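In what comes next, subunit A is part of two complexes: it sits with subunit B in the first one and with subunit C in the second one.
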Partner chain A sequence: MRAFDYVRAGDTGEALRQGAGEETRFIAGGTNLLDLMKLEVMAPGKLVDITRLDLGRIGETDEGGLRIGALVTNSDLAADARVRRDWPVLSRALLAGASGQLRNKATTGGNLLQRTRCYYFYDRGEPCNKREPGSGCAAQGGMNRILAILGTSDHCIATHPSDMAVAMQALGARVEIEGQDGAREVELSEFYRLPGDTPHIETVLAPGELITAVILPPPAGGRQVYRKVRDRSSYAFALVSVAAVVTVEEGRIARAQLAFGGLGPMPWRDARVEQALIGETPTKALFDRAADILLADAKGHGGNDFKIPLARRTLAAVLTQATEAAA
Partner chain B sequence: MQFQLDINGETHALDLDTRTTLLDALREHLGLTGSKKGCDHGQCGACTVMVNGRRINSCLTLACMHEGDEITTIEGLGTPDALSPLQRAFVEHDGYQCGYCTSGQICSATAMLAEIEAGWPSNVTGDLEARVEASIEEISERMSGNLCRCSCYPGIVDAIRQVTKEEAGA
Partner chain C sequence: MTLETTRHLKHDTPDRDRRLDGMAQGVIGTDMDRPEGALKVSGQATYAAEAHPESMAHGYLVRAATIGRITGSNADAVRAMPGVLHVLEDERMIRNAAQGMAGESPVQKQGRSWYVGQPVACVVAESFEQARHAAQAMMVTIEPDGTHVFDAEAEGAEIETPEKKQVSQGDLDGAMASAAFSVDHDYRTPSMSSAAMEPHASIAQWEDGAVTLRGSYQLLRFNKNELADVLGVSPDKVRILSPYVGGGFGSKLGLAPEAVAAALAAKVLERPVQVVMHRRQVFETVTRRSETKQRIRLACDADGKLTGIGHENLVSQLPEETFSEPVAQGTHFQYAAPNRVVGHHIARIRRPAAGSVRAPGEAVGVTAFEIAVDELAKKAGIDPLEFRLRNVPTEDPETGKPFSSSTMEATLREGARRFGWTHTAPRQRREGEWWIGTGMAGAVRVNMMIEARARVVLTGAGVRVETDMTDIGTGSYAILTQVAAEMLGHAPAQVQTILGDTDLPPASGSGGSFGAASTSTAVYLACMELRERLAAKIGVKEGELTLKDGYAIHANRQTPLSEIMGEEEWRALGHLKPGRAGQDVRQATWGAIFAEVAVNDTTGETRVRRMDGTYACGRVLNLKTARSQCHGGMIWGIGLALTEALEHDPRDGHMVNRDLAEYHVPVNLDVPQLGVHFLEERDDWANPLQAKGIGELAICGSGAAVVNAIENACGVRVRTLPATLDQVMEGLIARG
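Moving on, here comes the complex of A and B:
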């Protein structure tokens, strides 16, 4: 690990002042950042410890949603009685991720900002445009079993590894951000960037900006499902995951909010898939049409070709479960 | 950097490089070698300790970030003459072979039982709002962050189950 300066911030204002500078990173749970620093994939010159900031609470918003402080741990969020009752897809997604130890440390803001687990991003002996812009992408033509089939570019085929963010994407969450110029809110659907020719820039956060909270809209009701397919049944990243919030009224799908993990460089949501389902009677043929739309532009890279049919089957299984229970 | 750590009820003054993980501070600077370094990347759980009652991977956190926290290591759970219930149960059920993962397993299980007691659900919990039972399936899922290369999982699960039964009967 490279040497760094360490500063403990007492409040958000101090964190933002200390956090300015290209070489500076905020640290909270640190479970991904420190791992990457040990491998010198990331080598910040200064860490600003934000764990003492007052961002560890879950509050209710005026519109009936939740405001989840950026420092709320994955464990506390998954166990929150309101989340379990009214946003169960989020509890399910959190509990499907990582281990008990990691969930106790990992925070809401940090989970959104965790980096890909692409092997080549971690391996400093191999080219990686995300780690070292312009060096190339060894994953294309390499081991790409866990990598993306949607939203990729010639420069990068990495996936975003979060489960939590997939559920938040399905729920239509917003991200609250503070910078030295003030606060702003961004839809989670607008928060991540496609890799294009700048895969090292992953979100719309400007240097020195801090995530302060995630806002959940009021409960959507309906049937909520999170299904994760992985190589072992616990403590593994998703090959494919689907978060679904579905309502059936009088035999027809009235609401369908779907997000996908393991498929793209961001928690993937495609409004065209949802539009194709709304107003229709749930049938296997309909679910297949939805998968056709989702996967129209899917591109396998050899080792991950299997994800295309796997995504189709996982979507069908989730929609079957979500519509059967409500029928 | 100068800072203090509260470990097993004792305060220690330290002057360490900011890069020092909590695990390295315990093992290399405080002589508390019960916590083990396996993978050093948060994947194996051998370094598990409790911070303010919660289990974490001590290899994935900086020592200097824990000023003011209450840290409990395996050395703080019991002694050879006064084993904790889980330590005794691991001996009785042969919950190890080489023993390298054992202190992490026991710290993890100690905090895991408190999580069940607090009603936290897991990935295998059927009803998110129902009371959780410490079944074999629940214990296995909740202990998935602790690997045992000797594969003594049956003994580990039996040991943990024995403690939950003792507590239920108490």
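Moving on, here comes the complex of A and C:
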């Protein structure tokens, strides 16, 4: 670990001032950042501790949604009675992630910004465009079991590993951001960037900008499912996960919001898939068609080819569950 | 007055006295708690990296990122970094951990990097953080030294076929051709890590030309010689302390690179140096379990009687290592068949070194073999339990030697009864998305005894046991305490057991499931010596002496030992040497394992719902620690069957998933309630305690029960472990 300066910010203004410098990072739960710093995959010269900021609350918005402070822990968010009642897909996704100990430390903002689990990203002995732009991508031609099949580029095939963000993507969340120049809100669907030829740039967050909250729109109702498929029963990242918010009215799908983990460089949402479902009677054939659309451009890299059929089958099972229960 | 006498035993013949059964204290075999348990759970047991001497410096190993000749480094720049005290580039550094019982240095660095991940330097600094940062900044220049092969099955892999390890009896090809039923498949098990909880750590300190190393090791008397050989000093200049070891599973059998680096650096700096390996370094530099490719051929007649057995294996290893995974170790005697072939082939490739990992040989060999047996039983239309019962050997089928005890049938029958075994065709039970099925397997593991010494000291106040034996979490403190307490008639609280110090009499160490039985026998012998001396002093025959709760009881008289002993301190050394008893008969432990699994029809995920093991391993010395060993073994079986695999990069052989986030050992949720049952057994050939090894048996075969249950649940047969969901899903898709 490179030696670094450490400051603890008392409020958002101070955090933004302190966070403005070069090579500076905010630290929240530290569950991802510290691991990466120990391996010197990330080597900031200065850490701004934001854990004393007043961003640890969950409040209701005027429109009937929720405003989740960036420092709300994954454990607290999963246990919140409102979340469990009205946005259960989020609670389930959170509880499917990491371990109890990690969820106690991990924060909402940190979870959105956690880095990929690509084996080669963690290994400074290996070329990786995300870690060291221009060095190459060892995952292609190497081990890529856990990596992406959608939205990749020749430069990077990493996934975004979060469960929480997948549920938030399905729910249509927005991210509240504050910078030196003021505050703004970004749709979560606009928050992440595809790797293209700059896989090291992962979000639209500018250096020094702080996530202050995530906003959930009013409850969507319907049937909510989070299904995570992984290599052991717990404490493993998703190979494929599906978050679904589905309403069936009079035998037809009235609303379908779907997001996928483990498939792409961001929590993946594809409006065309949802369009294909809405207004239709739920059938196996329909679910297959939805999978065809979702996976039309899917590209395996050898070790992760299985994700294509796995995503198809998991999607069908989730849609079956969501529509049966609601019918 | 102190007098030390020695009792030797060269174990040539069975001991039918069963003296332990006649003792009065009543602690042997009970589920006594570990005496050191409270220290461990309250954080007071000092593990290797926890006893920091004053002025200790910290070392951190530097890893080779490529293979070849080392031609230079930026050591000068690194030396200038904050806090750096020394950059160790000593040619004596070792390339990987020593093999178990090597007793001499493993291959040393000597200017080369043999595999990606080899430690090639060590940076020592005032603080751990400084050392780690400087080590990460260190760049070692390595000139490629040719092209290498990284996969045992790849073209160009150099294959050795040691003549002594091939067996051919009868005519297997003929048996296959004329069989009523046969199977002939390749099975594969992955490269694996022991993944012990405590990473390897050593603290070295020199004084007057002698080094003391606090480390985390399993076989201290061998480790001492290994370190002496590496350093070029005589063994009496080396002392190793390992009072507590946070799991070993074979990874701490041999001296590892951190110990050597600490000792070399401490010498240069003339101050204590600690080197703790990062989890990622542990994966790479201590020995892993080799991946295996096993061609198994089985032939049987119409009644399901085996007529032919073939088990031909390919394993991998780095050049110049002596060990190779003895895959067919159990095959030699588990089943009878007149026509037999065992083949053993070693591919010399550039993956990190392989070595003994818990139950080397049987863990993977019995597992694959028991899958093949299941396949054959199915083909023959015979219940797999019944199939095994029809093939119980009556003697070692290869050598004709008798078994010391033959409990295969008993474990199978009792295991089946406990589990409620009934067998159906595949795909009969469905719960929602899940297919439910059951599977079973036999378990077998060779039994070994190793030379061991232990001292027992008797005073009026109590008993002290002293030996360099280790407790790697297995329960050595508990069972050695129990043996001494039972033999000398003391409450366990009056017995103090001191372990893990090479200044004490050299024991067997912990490995190969031989530790408990071997070192307990040494303790037993010392206790017998003391009993004789007590008897002589009182004037009775030893056999007529009852010792209980600190009293000597004879001829209706009860005398406190404190009275008999007065101020005297009696010392006795027990010395066990294995003899013909281990060669004249085939000694093994046996078991039967049953599992119920659920397989998801959509995703191919498997969940083990129930698992039950019945084992026969001689006298159980402590029921609790024995059961723990079997729980652990069964969980390892789940890992082998479902989750664990070290992935090597196809381009340079390096371990890709070398951390505990991506090397998937089973987590709690993967493990159902486990049933463990021991058959009451006394194996007189094993030793005077009639006890045998337990630590490894439960891993041998339990994975097969799971894999066989998957087939029974959903009809998909997996032959390449682990049975990850993608493999099962593809099988489900292929079935339609």
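The rule is short, and it goes like this: the second predicted complex is superposed on the first by the 327 of 327 C-alpha atoms of A that agree within 3 Å, B and C clash if a C-alpha of one lies under 4 Å from a C-alpha of the other, contacts with A are read in each partner's own complex, and residues count from 1 in each chain.
Everything below uses one rule, namely that a residue touches a chain if its C-beta (ideal position, glycine included) is under 8 Å from a C-beta of that chain, and two chains touch if they have at least 3 such contacts.
Quantities reported herein were computed from a predicted structural model and do not represent experimental measurements.
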{"item": "First (subunit B), second (subunit C), both or neither touched by A:Tyr119", "value": "second"}
{"item": "Touching partner for A:Ala79 - first (subunit B), second (subunit C), both, neither", "value": "first"}
{"item": "Contacts of A:Gly142 with subunit B and subunit C, given as first, second, both or neither", "value": "second"}
{"item": "Partner chain in contact with A:Ser234 - subunit B first, subunit C second, else both or neither", "value": "both"}
{"item": "First, second, both or neither for A:Arg313, with subunit B first and subunit C second", "value": "second"}
{"item": "Which superposed partner A:Pro88 touches (first subunit B, second subunit C, both, neither)", "value": "first"}
{"item": "Common interface residues of subunit A - those touching subunit B in one complex and subunit C in the other", "value": "1, 3, 38, 234-235"}
{"item": "Subunit C residues within the subunit A interface of the complex", "value": "63, 65, 82, 116, 129, 132-133, 136, 433, 602-605, 607, 642-643, 647, 649-651, 654, 656-657, 659, 661-662, 664, 666-670, 724-726, 729-730, 733"}
{"item": "Complex contact set, residues of subunit B against subunit A", "value": "1, 17-19, 21, 40-42, 45, 48, 54-57, 60-62, 64-65, 108, 111-112, 115, 118-123, 125, 128-129, 140-146"}
{"item": "Sites on subunit A touched by subunit B in the complex", "value": "1, 3-6, 8, 27, 30-31, 34-35, 38, 47, 49, 51, 75, 78-79, 81, 84-85, 88, 91-92, 95-96, 98-102, 104-105, 234-235"}
{"item": "Residues of subunit A defined as touching subunit C within the complex", "value": "1-3, 38, 40, 117, 119-120, 122-125, 138, 141-143, 145-146, 229, 231-237, 239, 306, 309-310, 313-314, 316-317"}
